[in-house]
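Following this message is one structure expressed as structure tokens.
Labels A, B and C are assigned to the chains in the order they are written; within every chain, residues are numbered from 1.
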Amino acid sequence: MSQKVLDALTATHGAALARTGSAHGDDIAWVRRESLLEVARWLRDDPAMAFDAPVFCTCIDWLDWHPVGRPASEHWSEGKPRFTVCYQLRSVAHRHRVRLEIELPEEDPRLPSLAELWPAFNWQERETFDMYGVRFDGHPDLRRIYMYEEFVGYPLRKDYPKEKRQPLVRRDDLPENPPASTER
Amino acid sequence: MPDTRTLKQLVLGRKDVQDLSDNEQELPPELMTVNMGPSHPAMHGTVRIVLTVDGERVVRGDVQPGYLHRCFEKESEHATYTQVFPYTDRLNYVSPMINNVGWAMVGEKLLGLTGKLPRRTEYIRVIVSEMSRMTDHLTCVGASAMELGAFTPFRYLLKCREWLYELLEKVSGARLTHSYVRIGGVSKDLPSDFHADLTLALDRIEGVLVECEGLLNNNKIFYDRMSGIGVMTREHAIATGCVGPIARACGVDYDVRRDYPYSIYPELEFDVPLGTTGDCLDRYLVRLEEIKQSIRMLRQCLAQIPDGPVMADDHRVALPPKRDTYNTIESMIRHFKHIMDGVRVPPGEAYAFVEGGNGELGFFVVADGTGRPYKAYVRSPSFVHLSTAGDLIRDHLIADVVPIFGMINMIGGECDK
Amino acid sequence: MGVELTTTRVADAAAWAKLFKQSRIDKATNWGRKFSLFTYPFVTACCGMEFMSVAAPKYDIARFGAEFPRFSPRQSDLLMVVGTITEKQGPALKRIFDQMAEPKWVIAFGVCASTGGFYQNYSAMPGCDQVIPVDVYIPGCPPRPEQVLDALILLMERIQAGRGHSQLRTKRDKLAATAAEE
């Protein structure tokens, strides 16, 4: 759809990109995390790009990634990056969109924050931190947003069981933690 | 916009120390922290705003969502694609059909079925989407008017909403949480007398809208409470990711139905209302005009809708016909696998978005070839809009928080997912 | 604690009968209470839309006297927990319930407030009765307005019979106090 965005990106910041691709109408650029801020700033400020509207920021946890019908080399294994943070951007003037994906290792899930460039990512990065534990360096106010401060763990990671509750308050005659049901 | 004023400037407003009288210099008022929520009088869901106020004036507002976090993403990872439809209903629960359509669209995108659905299906989806958009705007305008003291428009607009709920109940079986759309089509066809019922309802709603406009538009109290309140500039709206009626009220000309058209919207004629000042009054007027544009689109759909099947003729998404399911073993097994395993979507990632009641509602799905999504992220406009609320209420009175918050139309289910 | 289960032991039956015996003044007070319920709609989620429909002209909760919501727990006696309660919301709900004055009743409106509904996960509380005692549960996702009115009538019958949780608690405390004096 907007192949020229990817072409311009490869031309100016080729070294910063691990690879580019296109899927189901979206253009995706895998950016190395060291050069993320530079690439993002160029995407916002360059008049031919003009990505001034942020769309979303989220994270994918590849821990259980065993796709059906794909060779075993594509399945996740130890040593591969566990998290991929995705940023989707849109341009109001030129009507094109791009998705930036940054791969992060499991032992050091940090990357620079884009909240200064696009204020919408302020809360969305807080949500990603809350749910996945990915830290954003330079974020003005990185604290939990959906869960309460006393919550331990990062719930959307694949190794957090869905039904593991950490209740804040219970009736006096009920146990603090009811017996665990099927913890999938 | 980071707030760099000093405490003294915050407390004393824009006056400088030497301009103050002796009294004011000696006794500067202290800031007070007031808690609004999470249980509001406004029936807008549950959000906590910790206000720091100087008398009546809000100095800083710390908005804390998350009191309705119902784990849509985690639940989706454990449910099949079709089982996720009820969860999507409960995202933006005032316009549930639109969420359903969005989820169906992302499944179809991954399966390669976009644009290959029967025409009747597309028309039905647009009809129920526009009806849902109307219920969204009617609820928003009605509830906001009620919070400002105008009880009568609330009753009138809820009466209109009841007519639409009855129709949607005839179509899908439920008044509010329909789960009507499926990947590849819709679950069942429209009832036989739908055209006549919908035409009657639209005529009556137009009459009620005239009454409500007469009550509100030139009402001095309503005007004073809404005009000039919560002003957002166009650049700020774009940079903070605002979409939908809020952005259009600021002058951002973006409507997914027109700019990235999907379904049969290219064949419908409609206008996209734009505001100028970006205050609460503009948001209200934009919403009111959008209800009228939805009525216009619905009339066109009713005139143009063809006959035909309501589900794509693709074995990956359609259940086998019941006659075969009950008589042949192959169809019965296929039916069983379809329900138990889910629609098997090939591995990949896709982002599909629709124009929800609040703007661009998108679903970002990573599929792994099984019948359950690997990841299902909702790009919810309410979450993004709520993040601007803290800036909008600054320097307004506490009483202005009510219209600002009402016109943002934060739906708790969508915001907290 | 829940005590109003039927029992076969004679001594317990006597205590039970004492608990449920109503004087004429009791009956008159309860009649007044049931027809003048001040609701506190603790609205969180989609059931709020059906609550608005119940309050709207077509299904009209006003005919039962429960029309105007009092948005302060100090001024209300019926807490309607409408919608999903999350763990984050638990302390707030408990505080609001504690702030209400006796006699008070609780309706769990919708299946999320009753048992958690189909949200069985780390954030949604499996029913608001994990935190507060509930008198009437309304299943439904969301319940139809007619179901809500049915539940309201059920609650009114319980109020008239003096069998709401808080009424029984008050009665039990009073009986215990008189027994202690004797």
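The rule we apply is simple: a residue touches a chain if its C-beta (ideal position, glycine included) is under 8 Å from a C-beta of that chain, and two chains touch if they have at least 3 such contacts.
What you see is a predicted model; the values in this text were computed from it and never measured.
Trainee: If you tally contacting C-beta pairs, which comes out ahead, B-C or A-C? Let me know.
Mentor: Spelling it out, more C-beta pairs touch across B-C than across the other pair.
Trainee: Averaging each chain's C-alpha atoms to get its centre, pick out the one most distant from subunit B.
Mentor: Relative to subunit B, the chain whose C-alpha centre sits farthest away is C.
Trainee: Using the average of all C-alpha atoms in each chain as its centre, how far is it in Å between subunit A and subunit B?
Mentor: Each chain's C-alpha centroid was found; their separation is 24 Å.
Trainee: When the C-alpha atoms of subunit A and subunit C are each averaged to a single point, how far apart are the two points in Å?
Mentor: Measuring from centre to centre gives 44 Å for this pair.
Trainee: List the centre-to-centre spacing of subunit B and subunit C in whole Å, with centres computed as mean CA coordinates.
Mentor: Inter-chain centre distance comes to 32 Å.
Trainee: Where does subunit C touch two or more other chains at once, residue-wise?
Mentor: Subunit C, residues with two or more chain partners: 88, 121-123.
Trainee: At which residue positions does subunit A touch at least two other chains?
Mentor: Answer for subunit A, listing residues that touch two or more other chains: 146-148, 155, 162.
Trainee: Enumerate the residues of subunit B that touch no fewer than two other chains.
Mentor: 66, 69, 71, 74-75
Trainee: Which of the residues in subunit B end up touching subunit C in this complex?
Mentor: 38-41, 43, 45-46, 66-71, 74-75, 86-87, 89-90, 93-94, 139, 143, 155, 158-159, 161-162, 165, 175-177, 412-413
Trainee: Note which residues of subunit B are touching subunit A in the complex, please.
Mentor: Interface residues on the subunit B side: 1-2, 64-66, 69, 71, 73-75, 77-78, 109-110, 238-241, 252, 254, 259, 344, 346-351, 360, 362, 364, 366, 368-370, 374-375, 377, 379, 383-384, 386-387, 416-417.
Trainee: Of all residues in subunit A, which touch subunit C in the complex?
Mentor: 146-148, 155, 160-171, 173-174, 178, 181
Trainee: Hey, which residues of subunit A end up touching subunit B in the complex?
Mentor: 23-26, 52-56, 58, 60-61, 64-70, 86, 88, 92, 95, 99, 118-120, 122-124, 127, 131, 140, 144-148, 155-156, 162, 184
Trainee: If we count contacts the way the header does, which residues on subunit C are in touch with subunit A in the complex?
Mentor: 1, 87-88, 90-91, 94, 120-123, 125-126, 129-133
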